[in-house]
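Read through the structures below before going on.
Each of the next two complexes has chain A plus one more chain, namely chain B in the first and chain C in the second.
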Partner chain A sequence: MEILSLLGQGFATSLMPLNIGIVIVGVTLGLFIGAMPGLGSVNGVAIVLPLTFIVPPASAIIFLAALYYGAMYGGAISSILLGIPGSSTAVATTFDGRPMAQQGKAGLALIAAAGASFVGGTISVILFTLFAAPLADLALKFGPAENFALVLLAFTTFVGLGGDDTLKTIVMICLGLVLSTVGLDLITGQPRMVFFDMPGFYAGISFLVLAIGVYGIGEVLWTLEKSRVAPTVTTAKVTYSELRSAFRTLARTWKTMSVGSVLGFFVGMLPAAGATPASLMAYGIAKSTSKDPDSFGKGNIEGVVAPETANNAASTGSLLPMLSLGIPGSPTTALLLGGMVMWGLTPGPMLFAEQADFVWGLISSLYTANLAAVLINLALIPLFVWALKTPFSVLCTVVLVLCIVGGFAPDQRMHDVWLIFVFGIVGYLLRKADYPMAPLVLALVLGPVMEQSFRQALIAAQGDVTTFVTRPLSGTFVALAAVFFLLPLLSKLRKARQVTAS
Partner chain B sequence: MEKNLTRRSVFGLAAAASLALAVPAQASDWQPNRPVEMVIMAGQGGGADRLARLFQSIIQQERLARMPFMPVNKGGGSGAEGLRYLKDNHGNPTIIMATLNSYFTTPIQTDLGVDIEEFTPLARMAVDTFALWVNADSGIETLDQYIEAVKAADGAWRMGGTGSGQEDSLVTALLEREFGIRHTYVPMGGGGEVATQLAGGHIDSTVNNPSEAISLWQAGRVRPIALLTPERLESMPGVPTFAELGTPLEYYMQRSFVAPGGLTEEQQTYYIDLLRALSETEVWRNYAAEQALMTDFIYGDELQAYFLSEREMHRELLASIE
Partner chain C sequence: MIKSVMKPESLIALALMGFSAYLMWHATVLPIGWDGARGPGGGAFPFWLSMIMFVASSGIFLRSVLAGVRPADLTPFFEPGMLGQVLAVVLALGVTILLMPILGAYVAIPLFMLWYLRFFGRNGWTVSLSLTLITPVVLFFFFEVALLILLPKGITEPLFFPLYAMFF
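Showing the complex of A and B:
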């Protein structure tokens, strides 16, 4: 009951006309920043942070949170329409979102993404409201061994998949892991794999650069070859009845959405993980628990729903350790944290007691931001779909330009732009040879976390490997990973037996 | 037409007025004629980044400069990227860089062809302090208990910190040299992550900056043992310094600004005056006090001398680790 009255007071803050206006502006701005390839919530928050000093702290954080949410929604837009991930958190959305758009179901995919984001956001905010304090303690239980076990679990959901060629999947994971070791090694401080002694490699290979190259450039080359003429994109008119049937389709994916929301929330809470691994893990789990895993990657709506619920839920999750412990769960929350310190607030356990107005104003604004984001997004869908009518000869130059800008924008290095072209061409060739791209991308995201946490855990345990199975949380994850790895093999065996029996 | 004219002249007046307001009296005649790039030699969200963005907003809010200051992160390779960028932009007066201790250590450890002596020193805004922390459940309250516990663990005591060769590992090396103890050093990500791992009991001690761990201390999860400063800090009055306990150990994280080499004296003076004005603002004073930063303002030649002596100190420290 106490929570409800606090939340009520929070709504009194967040429903002030100024703050409603701020939410709408923030969400819209975030939507466009998220939709721009290369620009994600980190860049958006960094750009507007210095401007927030003109309003009171509660309004400032509401603005930034709205922008953060809007960017999470917006990432899906270019992933679906153009096949270029709008931000790193939306890479998994391209896997099935892009094929859906090519099949003329862009409207449905966008509605599904918006609806799923709303569900993910809402479920996670409810979890946040109810269990903020005990959950913060859970985040503390994650040490290096637990982080490693969690990443291992994420990998097995991808390796154990039935549909793709398992050997090729493993080859791509290995390639991704090799790429993830480029740059300065954190543990020893030594440079590794700095090709041709180019200074650009010291910073490592950015995951977004690989994703934009493989998906953006690769997609253009692929489409150019496949269809000399423009691909037939039957533009969906977004009518009321269509919206209703889209929501009915969406409602059938409730299982995927619930898993994505809860998983996203928890993974987002962990400083070592975040929204990008959360969305990839949700995709992997949706695929490996599906009755029809082969349809993933070919335009299955669940492949859009899973990552979109997870990345929004994760963005809420990462706010939790920031507010309750003063620990950022992601680069974006680190910036928010910096903002709070500048406004004279000290994040941490005392914040909930001393600045209740601020905390609950923020929490309630997450509800309003979520609602505003889904409404604004749905209203804009016809515009986005209409943009797809552009002839491909024009569209592909736009995509190329966006890829270059998106690769350059985050770190302002030409080095990254050249890498995008290299990855685009190599990715295209690998795709012609039927190698799956998703495991490559996954390995580059999770590789650094996996390697570092593995070595940290071993250093801390004086080289004792049993540390991964004797600790309760990490032991559970390792066991689950084993199950996920064996499950598809077992079902394959069973199928084979059925075939021989009949 | 008349209306139009009036509007135009009003606009002109307003612009003139705002210009007059925007540019405080300055000793230097030179002014940047385009936006100034504020390079940060670390990634987004870290301590250096937060500080640079705070400076940007103060400059904007207090109208300290006519041209905007734009933060750009070039943190790749422990700041190697930023250092190279500064070298490649020799003589460019519209770039300044926010530095931290990797300004000394990175060129020593990685062969970049960069000599920091060639850069133009501007001003040191602050130095951040370090403290020794343990988990609150460890039962350790004094330095003697700490040393005893580390010795009893016989090398298995887990000290967490930032990457190898970075500040935390250097402070750990200082402790080991001074007290004849051995830790198992576990390199982790940023300072915030290190503090969390200590609160969760995954490591046994850290040498976090106070700002990174104060909130966890208030929550009763971690405990400071001693400070690596000459005197006690206002924000942590009950915590002794190593000097008080008989071992004068000191180490700081410096927060300074430098510019590419080859700047004229006027250009250098412009930035020093700007940074001095910044260091006198109330927003900055409050922030520094809250974050337990020490704010002795040094600039120009004095700063360069400080840089060179710090570089020597780091060279020796790094050599003693290897």
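Showing the complex of A and C:
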């Protein structure tokens, strides 16, 4: 009951005309960004974040969350109409979405994707509402030792569950953490890691600079290299009768949608997992539990519904640890976290206590964003068909200009713009060599928290390292972290044993 | 042996090893050891993490060299024929950033856009020119008028004095 009244108060914030307008603009922009091949929610948030200085901080966060939502919906559009995933989170949507479009059922596929996204988004927002406050209450008991152990746990999930090369993941985590120490020592205030004695490094390396570099410039270079041939756009028309029959078909897939939503929400909470694996897992489950698994990959509507519910649910799921614990569940939420810290709204349990208005305003805005996204998505389908025909060079130019100007705006230093340029090139090369980018961005955002809590915990315990394992909660997190860290080793051992056995 | 060192996977790992060694050297400016009851010194966190990074990238390097040259390594690192395009964009972007403090953002950015849209992207003049001309106006109103963030103007600064007088 208490939750309902808090949520009600939240709606008082999110239904203010300014915030409704912000949600509508954010969702629409997100839909277009998501629909553009190569650009997903993380690119959108990285590029647009510096532009949100124009509204008050609380509205800026609501705007970015709405954009995140819109981009999740939008990803399906290019998966279906172009056969190219709008972002990695919509890869699974191409499996059946593209065949449906080729069979002339592009309209049906688009409606199904939007409807499924809405169901996934709504179920997960309800779960989010239920879990957010209790989780924050639990986190109130955390001291520095627990915070350190939790961040450690977040990083080890990348090693254990990330699916990327273990050594490369470790390199990227360490690189991000070391880059986060550039500037002044958190405890003593002495300068450190000031490369080439350049004054620009005294202020540290902003997460935004890294994100714009990697997800803006790096992404453009990456897409540019892959875009030898222009893809063909399948046109889609949506009529009222089609809409009705599509919703009737959609209603029959309720089982797939509920599984996808719940699965997506919980997988999304894990920093290393998130929307892409969640959507692939939901697709796999839908296929293996289907009465007709052979029809998957040939244009089965459930093959569109399953990944779309899961990726939207996962994006909400990844907001939960970000808001309640201060540990982002995905690169996009890592950027949201960085933005909130920049605006003085540090996420975590204290935010729930001190800025309850803002927290519940944000949560309730997820409901309005979800509703706005499905309506705008359906209404603007003809516009998306047109937008997807935009020449790639126009898109690249706009993105690159926004990267330069957006990188300059926050601190007004050319130093940052040069860093963005360097990060863009290096990020592009590292990505080509299969180094994962998500742990790098998360490490840069979480680095200060990790170091500060580590050193504070040790000062409190008078230099006794065992404090991390003797405190019950912290000990549990460390133990879990050890398990995740050893997972790749265990699976390798098992494989080796199987080889020798056979 | 030399061939397996020269493949991209090994070279990138080698570069990361070098960079982590550089980071380790940098971290030693502050104490990297244990300071009794106060825990680790200010250089400890970056130093030991760079050390782990060094060990991990050495692992990647050794693994790559020991694996020799496999058929998978013979596929080119860059898509054939696309490297020139990527380099052209990188170069143009670098020149634009270099020109921003000298000629000002309102000259450097339109020049970049015109090059990209018309000569690199081969769009028509109508699309290229309209985007090139509208963008600086939008940027000016968004950043300078609404957000009060001044973009670099370099030698074109005096041209903006009448505009400043109008809007501020």
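Just so it is clear, the second predicted complex is superposed on the first by the 276 of 502 C-alpha atoms of A that agree within 3 Å, B and C clash if a C-alpha of one lies under 4 Å from a C-alpha of the other, contacts with A are read in each partner's own complex, and residues count from 1 in each chain.
As a convention for this text, a contact is a pair of C-beta atoms (placed from the backbone, for glycine too) under 8 Å apart; a residue touches a chain by one contact, two chains touch by 3 or more.
Quick caveat, the model's predicted, so the values are computed rather than measured.
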item	value
Chain B versus chain C as contact partner of A:F408, first or second or both or neither	second
Which superposed partner A:D357 touches (first chain B, second chain C, both, neither)	neither
Which of chain B and chain C A:E451 touches, first, second, both or neither	second
Touched partner set for A:I459, first chain B, second chain C, both or neither	both
Touched partner set for A:V341, first chain B, second chain C, both or neither	first
Touching partner for A:F53 - first (chain B), second (chain C), both, neither	both
Chain B versus chain C as contact partner of A:E242, first or second or both or neither	neither
Partner chain(s) touched by A:Y202 [first = chain B, second = chain C, both, neither]	first
Footprint overlap on chain A, comparing chain B with chain C	53, 187-188, 412, 459, 462
Residues of chain B that touch chain A when the two form their complex	43-46, 49-50, 53-54, 56-57, 60-61, 71-78, 80-81, 84, 109-110, 112, 156, 158, 163-166, 184-190, 192-193, 195-197, 199-203, 214-216, 218-219, 221, 283, 286-287, 290-291
Residue ranges of chain C in contact with chain A within the complex	8-9, 12, 16, 20, 23, 26-27, 29-30, 34-40, 42-43, 45-46, 49-50, 52-53, 56-57, 59-60, 63, 77-79, 81-83, 85-86, 89-90, 93-94, 96-97, 100-101, 105, 109, 112-113, 116-117, 120-123, 127, 131, 135, 139, 142-143, 146-147, 149-152
In the complex, chain A residues that touch chain B	42, 46, 49-50, 53, 139-144, 183-184, 186-189, 191, 199-200, 202-204, 271-272, 321, 325-328, 331-335, 337-338, 341-342, 344, 346-350, 411-413, 452, 456, 459-460, 462
In the complex, chain A residues that touch chain C	51, 53-54, 165, 167-168, 170-171, 174-175, 177-178, 181, 185, 187-188, 190, 192-193, 195, 217, 220-221, 224-226, 228, 391-394, 396-398, 400-401, 404-405, 408-409, 412, 414, 417-418, 421, 425, 428-430, 432-433, 435, 451, 454-455, 458-459, 462-463
